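Quick one: the structure is below, questions incoming.
Note that the chains take the letters A, B, C and D in the order they are written out, and that residue 1 is the start of every chain.
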Amino acid sequence: MPGKIRIAQSVSFDTPASEQPYLHNRWHPDIPSIASVKPGETVKIECLDWTGGQIGNNDSADDVRDVDLTRIHYLTGPFDVEGSEPGDLLVVNITDIQPFDHSPWGFTGIFARENGGGFLDRHYPRAAKAIWDFDGIYCTSRHIPGVRFAGLIHPGILGCAPSPEVLAEWNRREAELIGACAHSHPEQVVALAPLETNAHTGRAGGELKARVAREGARTIPGRPEHGGNVDINNISRGSTTYLPVHVPGAKFSVGDLHFSQGDGEISFCGAIEMAGIITIKFDLVKNGMKERAIKSPVYRPGDVAQLFGPSRYLTFEGFSVDESGKQHFLDATIAYRQACLRVIEYLKQVGYSGEQIYLLLSCAPIRGSIAGIVDVPNACTTLGLPMDIFDFDISVEAERVKRSLGACPVAD
Amino acid sequence: MPGKIRIAQSVSFDTPASEQPYLHNRWHPDIPSIASVKPGETVKIECLDWTGGQIGNNDSADDVRDVDLTRIHYLTGPFDVEGSEPGDLLVVNITDIQPFDHSPWGFTGIFARENGGGFLDRHYPRAAKAIWDFDGIYCTSRHIPGVRFAGLIHPGILGCAPSPEVLAEWNRREAELIGACAHSHPEQVVALAPLETNAHTGRAGGELKARVAREGARTIPGRPEHGGNVDINNISRGSTTYLPVHVPGAKFSVGDLHFSQGDGEISFCGAIEMAGIITIKFDLVKNGMKERAIKSPVYRPGDVAQLFGPSRYLTFEGFSVDESGKQHFLDATIAYRQACLRVIEYLKQVGYSGEQIYLLLSCAPIRGSIAGIVDVPNACTTLGLPMDIFDFDISVEAERVKRSLGACPVAD
Amino acid sequence: MPGKIRIAQSVSFDTPASEQPYLHNRWHPDIPSIASVKPGETVKIECLDWTGGQIGNNDSADDVRDVDLTRIHYLTGPFDVEGSEPGDLLVVNITDIQPFDHSPWGFTGIFARENGGGFLDRHYPRAAKAIWDFDGIYCTSRHIPGVRFAGLIHPGILGCAPSPEVLAEWNRREAELIGACAHSHPEQVVALAPLETNAHTGRAGGELKARVAREGARTIPGRPEHGGNVDINNISRGSTTYLPVHVPGAKFSVGDLHFSQGDGEISFCGAIEMAGIITIKFDLVKNGMKERAIKSPVYRPGDVAQLFGPSRYLTFEGFSVDESGKQHFLDATIAYRQACLRVIEYLKQVGYSGEQIYLLLSCAPIRGSIAGIVDVPNACTTLGLPMDIFDFDISVEAERVKRSLGACPVAD
Amino acid sequence: MPGKIRIAQSVSFDTPASEQPYLHNRWHPDIPSIASVKPGETVKIECLDWTGGQIGNNDSADDVRDVDLTRIHYLTGPFDVEGSEPGDLLVVNITDIQPFDHSPWGFTGIFARENGGGFLDRHYPRAAKAIWDFDGIYCTSRHIPGVRFAGLIHPGILGCAPSPEVLAEWNRREAELIGACAHSHPEQVVALAPLETNAHTGRAGGELKARVAREGARTIPGRPEHGGNVDINNISRGSTTYLPVHVPGAKFSVGDLHFSQGDGEISFCGAIEMAGIITIKFDLVKNGMKERAIKSPVYRPGDVAQLFGPSRYLTFEGFSVDESGKQHFLDATIAYRQACLRVIEYLKQVGYSGEQIYLLLSCAPIRGSIAGIVDVPNACTTLGLPMDIFDFDISVEAERVKRSLGACPVAD
């Protein structure tokens, strides 16, 4: 008879993240497994927030400005799943995710342009922050009054360890990009090479630790071979993800929990970042990569979602003509940036500051869609803003009213 | 007492599109208006398919291969909306769209790489076609058996005429791109300059016609200042779009009706293209561009939509690492291409050919989302495939079964 | 190659309904079939409104007050479906329903208590009417300003002819009820016995006509053996209904089209009644009644629906304690009446008259649900009112504002 | 700065429910308040299951058969809400509900016909039981294999204390029904009079306890004046209920938590009954009963729900002709019973026993709707069964396959 669900791994709020041996912040096949689960088994896994506690529940953005990005992301794992072999698909059915009862809050940050940056860092170069308080499924922020919404809680990062070959490929191609841009865009961080500083290699010690720190891939990008930091907001409660397995035992890790995130997570530290507990039912599709022709993760969202009527999304169009009026060729990234900027201009009219809106678009349940991607030279994207999250009417028809909507902390 | 809704403009299936004076295929402020509507009025507007009848309901893709793209898109208009002035927002509430009773079919095409191309033209360079038969709200194709879905009918193109200044800006920036790429990508059509050949300038004749043909912007791309060819599939029945007005009278045009289209419209002729009748209720927000801070079109989808449960979308992830393994920097366009390719590999397993799937992804109600766009160097996009449109189970768990799923015509 | 969909039967707006031989207003196995369709075939069937044109598009409720209910409902049919035999299930896939282009309006009526009555006739005994104008998928009424909604168009009546045995059973059990109530509730019409007056027996003439008129069941009630007047509002576009077949050829009839209807259709003439064209794809499940254990109709709604967010339904509770304070035993009918009365009291506060609200609840997309039906002695039902159909905010929190919301015609 | 949410009341799993002074199982204005909350405050309230622990997580239905119904329902409260007065509306925003971590299971019971009974007790007179195990948001049962669904967790009971006048009215009208039926239906329990046996009056002792026990209303029925045992399944996370206040301080109580429940809760102990923790944000609408014309509770469901596509509900029709073929007059209760019986016949074909289906319909997310309630003499109701909760295809078209689906415990 089933009883209480087993906690496969807990975390500590008292010990520094860097000293907790069941965490790691690099991807490498040789980070030792911390526990084992069986196919068909459901377990709970605790996670710290992605920064390992660098950001406080306060009204200053200095901690966001000064964040140490060599330390991130602190993931819990890796876990062995019994019987899994390279070529299998690991089935990850998230049956619950919750914040800790003792810690019902999260944060959204805009990183300073020179330390992390974000999608709109040319427009908003200074660090800023919003703290969100959780009230059950809802959240509100003293820094962005006038909005309240339910969170579609999800992990930003989930994936299995790379094989040595996969890791080598990652390092090769990212190094190539870094090299290619070194001259053309010297000021732009285009990718992050392996870095020994502050590498947390889990239980690996000594020589192994040194090697993992030297070779291990950074956790910032998601990657096609395993997923990783995909930041997909409907990989939430009830979802089922099929992850490629590259090493014996799968070596699954998870972390970077988000209370809520908008499509794009545009401010980079853009979700409502939190510590919490994820409950996962694991399973395997043996030899599924080949038999199902699956090279990258595939998933099905959960049945349970926040439901707004279609007509309740005020939707903004963005095209691949940049802020300076320059025409780009079918560039969906630039097109989405334009859509974001259009919303900011619009919402300034109702009383928010640019930083407040930038933070809000990062974490609220907005929808970013690829509308048309073939009509040369313009890609067209859309950004749907759910009007029901606001306490007041933001429709085009609504009377414009003076409102006092406070401020979010911005660092100098 | 209201009666039958007025037909503001009908079209002919007997006269060549190029000879119907209430159509036009270039954007220009001086194309003469064909009719006038009042704010608050609802009218019906008939439209030909975007090619003006170049594609037949048959089993050969030769017509798609040989399509004359200098002729497109045949739009109906422009219409004056009484009282509208530059700076207003034209409110376009689509209260219905239907195919013609006598013409219950549409087509989806893959253009040949050397004549139009598409999102995956390096992989599928040959022209191909699928004909879709409409059965009320549903469609099926003899060329892609095993699928049936309801159409979210919408216009690919809607917009107001550019002012001379806006038109000049379009021509400037697109010429700049063409110039910039002339050496670097000589084989790639990056944008289409104004072209007198087959320009249809509506009722404009003589000297005016010559000037419009010489200056008029092509209708292929959507553009931020007015919308145009946005190919947004939920600008459907019940939607309300707020369009910037740039010339007195607004000069609204519409066309390129789609029975259904997937996010991205990836094969370029990718929707289910059809002729039909759109019913629009017009209104104005006076001085709305400034007072609402709206520079590009904004819209609210309709309340009525095809509704699949969230968990019924089998969703594929795509990242900005291209087919050759080259790493790109936060390129959502490349990321979405990878997601498309992942689905094609997957669906080949159930029995379709690559061309069949490419056509299907172009026109079926798939969802293309921007998941994460800040985690250097990888943008992550997702493509959600609604499993309920298939007659058989396409889930990862389903047994793989040999199926005979016919073929779509492909041109040599 | 499929072409235009065949019209299996058209109707006339010039000839009286009683003289159109492809209509009938009684259920009987011997009404002659008017046409034949094949399994797998899609056809269009035209229908008059249920009264056969007794109600006009005007501002008087006299025609509703004086309606002749011996004439209703005018159904189109019966149609033979080739190969169908008793015990089969007839599969009715509604692929479209539309009003006639020349007749874009409908009506909702409150019948006078002494001629038809309705769910709240003790409270609203006088006849009243609202005319609705269709604007594509939407409707508005000059008699109930301030609301606009999309219609989920559906047939109130669809069913196959009864066998002689089924018909005899209907007449037996309904006569028994009439007899039982003759003394206890002499003033209450509890059921309608067969009635020769104004019986329309389709093509049946002479002796057959007389017999059908004498024996034929009235079309007012739905009945478990075949469906009939079920008034189920999501048997709409895209739905598939499985109907028991009782006679060779099935003898399918359809009519009583509704542009929109609330759960319960409480004012009896409560939907937005209209003439129109229904498109149906027919099929058969041979021997399905026995093999699937189906005695009464079963259906699947369509994928396409009007979608409001769950929280946009202001929902009222109703219990089985009647208006006089009398306690009834688990009576869901009384409970639903109480919920209706609660809404009327509430909406009077925003400015409507009782009759306007009664009409609105009858035809707008409200949800009537059975919440709890076992907690003696109170059944609990709920009535969900979609707040987004109103032009103004009807939430509990909204400021109460004086509004002038006109009036609907009420007959003396 | 907000911190951890306050637990306004905890419960014990070690002490008998009858000895926990912050519980009560009768409604009475004089049951002493146990705690006070402020408008605008969010608190957690713990609840036992409705029976106070009488049912075990085991494979025998004897405990269900032998349940002591004089003891139910154990509610937590009453709570004073500061500043509330008769005539106000108490705003209950449920921001979360969860089972206890240590108790991740619930039960659904069929009561024996002679001890509690249920909606189908003439057909299924014996006690039966299903135990459900919770896996995050999902549940499964070893007694009903082949189904899995997410719970829409909700309280069966929430309400404010009656005033002396309201209580007197309840006792009057229910006594009248009991009296009226004493001769006509002596074997039928039509309502439950106040009963001193096992009355739990919270902190009331001595004379007060005796009086409350003597006068206090039973908690079985919901009642129009305050709500109470409404068993409305979408008063779940995110919902906001407006409750009439009848006594100073409101005296709010809550309990009878359900992991999931189908519309109607047909087997009486029909939800998945559980102990758990509900989080509520309280507020007041001062004088709202009069100013908003609200006599019975009104609510708005939460934004977050389990979402199935409309076409995924296999929907059964039920009419007011009873099992013996007797015609009833517009009786929605009988009509819904017929719909339930139709589903049972249908699902027996896929391999379940009658008791298994009866239990499943009670607790799974089925939809019970009032379709037509005016077409004399037949009310028509519908029961929508979500096909996606089954592991196998239950559609009409699916091949019928022999399945071994176990059994649920049934008591002799």
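Brief remarks on what is shown
Rule of thumb we're sticking to: contacts are C-beta pairs under 8 Å (C-beta built on N, C-alpha and C of every residue); 3 or more make two chains touch, one makes a residue touch a chain.
As the structure is a computational prediction, the values presented were derived from the model and not from experiment.
Any chain touching subunit A that also touches subunit D appears here: B, C. In this entry, subunit B maps onto subunit C through a rotation of 180 degrees when their C-alpha atoms are superposed, rounded to the nearest 5. Computed centre separation for the pair subunit B/subunit C is 39 angstrom, with centres defined by C-alpha atoms. One finds 51 Å separating the Cα centroids of subunit A and subunit C.
If you average the Cα atoms of subunit C and of subunit D, the two centres end up 32 Å apart.
Residue positions of subunit A with contacts to 2 or more other chains are 238, 302-305, 307-312, 388. Contact topology of the protein chains: fully connected, every pair of chains touching. The part of subunit A that touches subunit B in the complex is made up of residues 89, 118-119, 156, 169, 173-174, 176-177, 181, 189-192, 220-224, 227, 229-234, 238-240, 242, 263-268, 270, 285, 288, 291-305, 309-319, 321, 325-333, 336, 338, 342, 345-346, 348-349, 367-382, 384, 395-397, 400. Partner subunit D is touched in their complex by these residues of subunit B: 307-312, 388. By the touch criterion given at the top, residues 1-5, 42, 57-58, 94-96, 101-102, 104-105, 133, 135-138, 149-150, 237-238, 279, 281, 302-308, 388 of subunit B touch subunit C in their complex.
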